[in-house]
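Labels run A, B, C and D following the written order; every chain starts at residue 1.
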Amino acid sequence: MPHETTESTTPERTASDSIIEVQPTRTRSAMDTTPIDLGRIEVLQILDEHAQVDESLDPRYDDEYLLRIHRGLVLTRAFDQRMLTMQRQGEMGTFAPNLGQEACQLGQVIPLTKDDWYSPSYRSFGAQLWRGWSMERLFKLWAGYHEGFPPPPDVNDLPFSIVIGSHVLPAVGVAMGMNYRSEPNCMVVNFGDGACSQGAVSEALNYAAVNKAPVVFVCENNGWAISTPLTKQSATTNLASRGAGFGLPSIRVDGNDILAMTLAVDQAARRARAGDGPTFIEAVTFRMSLHTTADDPTVYRAQELVDPWEARCPITRYETYLQRKGLLDTGAIDRIREECDGEVIVARDRFRTDAVARPREIFDHIYGELSPELEAQKQAYLDRLERKGVE
Amino acid sequence: MPQRTMVEALNLALDECMDRDDAVCIMGEDVGINGGVFRVTKGLHEKYGQRRVMDTPLAECGIIGTAVGMAIHGLKPVTEIQFSGFTMQAFDQIEQNMARMRNRTQGRFPISMVMRAPFGGGIRAVEHHSESREAYWAHTPGLKVVIPSGPRNARALLAAAIEDPDPVIFYEPKAVYRAFREDVPDEHETMPIGVAEIVRPGADITVISYGAMMRVCTEAVEDLVDIHGVDVELIDLLSVSPMDTATLAESVSRTGRCVIVHEGHQSCGIAAEVIARLNEHVFEYLCAPIRRVTCPDLPFPYFQTEKHFLPDADDVIAAVQETLAWE
Amino acid sequence: MPHETTESTTPERTASDSIIEVQPTRTRSAMDTTPIDLGRIEVLQILDEHAQVDESLDPRYDDEYLLRIHRGLVLTRAFDQRMLTMQRQGEMGTFAPNLGQEACQLGQVIPLTKDDWYSPSYRSFGAQLWRGWSMERLFKLWAGYHEGFPPPPDVNDLPFSIVIGSHVLPAVGVAMGMNYRSEPNCMVVNFGDGACSQGAVSEALNYAAVNKAPVVFVCENNGWAISTPLTKQSATTNLASRGAGFGLPSIRVDGNDILAMTLAVDQAARRARAGDGPTFIEAVTFRMSLHTTADDPTVYRAQELVDPWEARCPITRYETYLQRKGLLDTGAIDRIREECDGEVIVARDRFRTDAVARPREIFDHIYGELSPELEAQKQAYLDRLERKGVE
Amino acid sequence: MPQRTMVEALNLALDECMDRDDAVCIMGEDVGINGGVFRVTKGLHEKYGQRRVMDTPLAECGIIGTAVGMAIHGLKPVTEIQFSGFTMQAFDQIEQNMARMRNRTQGRFPISMVMRAPFGGGIRAVEHHSESREAYWAHTPGLKVVIPSGPRNARALLAAAIEDPDPVIFYEPKAVYRAFREDVPDEHETMPIGVAEIVRPGADITVISYGAMMRVCTEAVEDLVDIHGVDVELIDLLSVSPMDTATLAESVSRTGRCVIVHEGHQSCGIAAEVIARLNEHVFEYLCAPIRRVTCPDLPFPYFQTEKHFLPDADDVIAAVQETLAWE
């Protein structure tokens, strides 16, 4: 949909008119100044707030699959709630709840195969659970145990990232590696609206675009970066335009619509695997809860801003859809919740028994081989532990 | 005198400097209504408005880079980086412009600005949240690097840093933020930058430290004095660049023995520089090798093991005893 | 010009259609997913390749002013050529010629007042000359003398910048300072197409947009970053889209058209001064000469790529315009060239007499006051100079 | 044996490593057809194609960040940063991912990659083009920092760095790039990383250096030996991290005196670390303070004054003589 570019469209005007505001449009010279068309950027929604489905877009997954997705959503929330309880009881470090963002989370990984890669943010444990990170591992991660940090051995994920935006370039690099080796897989990388302000994220969009890297950027726009609303983060609240500015096909998706999220990522992943390059997906959602457990949102945001989003709950919306389809009833919903809660409790109990700090191992993974100097530092450190009677 | 935590003392310094000089402004992520993630800027947005207390987009390079521009324009920005680990994101602007603009323009554009950041371990934080990389800045010409150890010197040094004509990296030991209260006067108070403080005079050995490790050293020194009868001289560097070589050299010329304690990594760290200078200035007085008690050359570990990673009072006591035993 | 957003425009389709390629456009939910309109990005040309003027846009500057601009262009080229000769004779360090970019250079500063600010790149000496940097100062700068580096005392410029993109954030900061002090001035900052890839430049666009800083970004797209053509630098060759992606009013200008450049910057500067915020201007031009004197473009670019641009020479084009206006004839052109060459020679001779290395001064501008340690280092250094018999 | 400049020797190392292992690839600005601004990658694009020799956009953070990802995927990227001054732009990715990924993932993703960059002064370059900030990297856990001094060790060390399982910062002294030729064999040759070389054994004093300053030291040592009759032991560090403490300590335990020479700034520089380690290991053998001959703590000056700023042979001779005269 190019803008008008013919001469005749320019009305008579004088130099003193603001060319910025009135914008004469001329391309009659021979030089390469084709008018700028940033491409069409669209908004995708399949399941609306009232759980009305757009039949033309309904992916029509089979019943079992639909129910598996539902269980994933419920488990994510159950896990989140348990983490919060454990944190409040001093059993867990600071972490970032993802209440309300469950559909974003799951939708971005459901379409991935085991050979595809995923690069989570620190708020991605919904996606991590789906990808195959055990709950125990995630408990360990957030409780500060070394063993919790590496992605599970059989999962093609990057480690979670806490330095905002710092994982996006490596994620693009992994995707460039797929091109290098002609592997037909893709990478999905997850980050927030705040992360879009980091220069390194812009560089990542550009590297991906220039190299046609098979990567799907999922920008989870939850409206907030700690206390900073999107309006202070960016002059345009359409973050998909960031992707467009770098020449990436870009799309906005209702991030609370699990069907739309899944579809959008699925299509982008297919494109990527087929060699058609990267896609930028802005998933519009809302951070319903605390930024992290160290945060108090009542200081900076009014409850009125949160309330309307209650009705947009991604899980309720999807449950209504499933109920209408006759796949769930209230009894089943309650049962699934209980089952998920139960699973989480079992994992928590295993975590409680299993998690042991291993201070003797901190020198184990710094280099392939320790230098004499580091050997000496390690020895001195072990002697200290000895002296202090630490196992 | 009112008792204040370090967070309150820093807030006081910011408040009074903003009150005294309209050119002083605050920039950083969540420093506005939220008052910063550690609440150091609490209430200032309300008091001075968003013209002077600016929430920035989430980009540390952007914070420092634009602050340099504001300083060129004659303002005195006090920037906050949420954790010192994220100063890496701004390394280019710090090294290429903040530290060098005065030199690059042969004095035309001095940069009077402060980069505040909480640093160090001890608060059970996730990865990248416990770094002590002050040596990077001490190795960077054009910067001053100031590190308080308690509420009172934090307030006085921050005020001095804001008034300083040069760019100051101000590293706040977050383990001390709310650890204790101290008398901090309401009246304006500053301390000269680059002057170390002999916290406890002594004759047998000099212990040098700064930041949160001063608490560890104080604990160790109490034991050493009371239980082991060692007359320790304890020095708080307060500024690692410029470093008060004269005070250190004078002390060690008396004691002949020295231990340096910090959280930063060992190789090319602050302790190495202290040793190099003492070697140059008081070689003839040294009776034993100078010992370093630092974190190893490893990334800061996940928090279940941090208490073993960080030096503690026992480590300081052991190093002092070994140094005293050396012949 | 919003994209279609009504329901009815979406044809029937199934989930297996690529939503990325076919792009359903839906916004029927209550959530804030207004369709993305990146704003209109236009191309401005007033004087075409054949020096045909667009009468409706001709700024109709008075004759004296038009001739002053002409002399500025000619002087810039004369200075550039002399620098090259001096460099080849070993009298000058490595520098970046700006042959062919003279119109870009001058156009971006002509509209500025003395109270406005300018932040040059390393290829900006055309603009610097116009702003009031003496030729001697620039000779000294590029010949490695300290005195050449600071902007002249009465000129509101930043120092030239050699680290690509590193000056853009400080330039935005100066503009934010103008807002802080409610000063009705603006900042123009100059950088290249390559610089657009630096994350710090993206951050600068965002900071400017969010803060409505009075800054005009002039991206001088000369097609190359050393050996890297724009097509390897960016997936979109419309760099103005970068500005648009951050919500900035953005425009493409024919950078070899001095009238268009001047007009575009003038309008953007007025907007900025009036409190209407930043503008992104992509000036399309071509690097006719070497990247720097250390570069050999024959290694990586065919002469065929350069040739068409000969005909687009910004100076010839403008001279034709002035000739048509009866303001110049060939004799006058020759005379002005000679005068400019003469001025440059005079400056060069002054430079030859004046430029003295001052090794004793290197400690003079590092801190407001030297620390005892630096005093000691200085003393040791001066002693060394003494020992070596250096003045 | 063929005579080669350092540039040619580096090119040889790249060529043979690419030939031996398809996982080795090159990334950087203008490394393709242009062969790099110093021509170190000349001909490789033609030989191996753009799949393996990648011109990148102009963003150093992007180069290192994507290279980390490629290394995670099992490749061995050899990145080029055009001048070491621009590594600041990539500081975050170097510190947060390149150096730490192995540790962050508890061994799951070791990063076998190299960051090459020309460093140091002496070529009459503009500002930001002559930096020697190797101490930043030596202070960063997880990295190795290798610095050759001549064509032959440059080739052997670069090959070793590429084959190394860990991330290596490879700093090339650009003043040496074409300064002289040396025998460099066609056959594959590597040197172990972390081993210093005693270039000239001696009994009176140890001079330690690396990179371009090795030429200055060699010149000084010749004079000291020939004219002044001083039996100098000259050591080339070759790797500043890990640093070969054992070789240094053994040497100084014999000579009792030591001078360290480098271009980097003095405070918290490599020399400080050498002094700290010698203080710890051979304190009892030291007969005089260890001297540092380094650049001052100033930004590298504009090039008309660089020859005065950089240490020269006279400075080394003076420092050696003062150290010998110390009692």
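Heads up, the rule we're going with is that a residue touches a chain if its C-beta (ideal position, glycine included) is under 8 Å from a C-beta of that chain, and two chains touch if they have at least 3 such contacts.
Treat the numbers as computed from the prediction; the structure is a model and nothing was measured.
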(message) Taking each chain's centre as the mean of its CA atoms, which one is most distant from chain B?
(response) C
(request) If you tally C-beta pairs in contact for every chain pair, which pair wins? Let me know. (result) A-C
(request) Calculate how many whole Å lie between the centre of chain C and the centre of chain D, each centre taken as the average of the chain's C-alpha atoms. (result) 36
(message) From the mean C-alpha coordinate of chain A to that of chain D, what's the distance rounded to whole Å?
(response) 40
(message) Show the residues in chain C shared as contacts by 2 or more other chains, in ascending order.
(response) 146, 149, 163, 197-200, 203, 206, 210, 232-234, 366, 373-374
(request) Pull out every residue in chain B that's touching 2 or more other chains. (result) 57, 59, 61-62, 85, 89, 92, 96, 103-104, 127-128, 141-142, 243, 267, 297-299
(request) Would you mind writing out the residues of chain C in touch with chain A in their complex? (result) 1, 3, 10, 12-15, 18-21, 23-36, 38, 40-45, 48-49, 54, 56-60, 197-203, 206, 209-210, 232-238, 240-252, 254, 256, 263-264, 267-268, 270-271, 279, 284, 312
(request) Write out the stretch or stretches of chain D touching chain B in their complex. (result) 85, 88-89, 91-92, 95-96, 99-100, 103-104, 127-128, 133, 135-136, 138-142, 241, 243, 265, 267-273, 275-276, 279-280, 283, 286, 288-292, 297-299
(message) Show me the residue ranges of chain C that touch chain B in the complex, using the header's touch definition.
(response) 146-147, 149-151, 153, 158-159, 163, 166-178, 180-181, 199-200, 203-204, 206-207, 210-211, 364-368, 371-374
(message) For the complex, give me every residue of chain C touching chain D.
(response) 93-94, 122, 142-146, 148-149, 162-165, 194-195, 197-200, 225-228, 232-234, 294-295, 299-300, 357-359, 362-363, 366, 373-374, 377-378, 381, 384-385, 387-388, 390
(message) Quick check on the complex: what are the chain B residues that touch chain A?
(response) 29-30, 32-35, 37, 55, 57-59, 61-62, 85-86, 89, 124-129, 266-267, 296-299, 301-305, 308-309, 314-315, 318
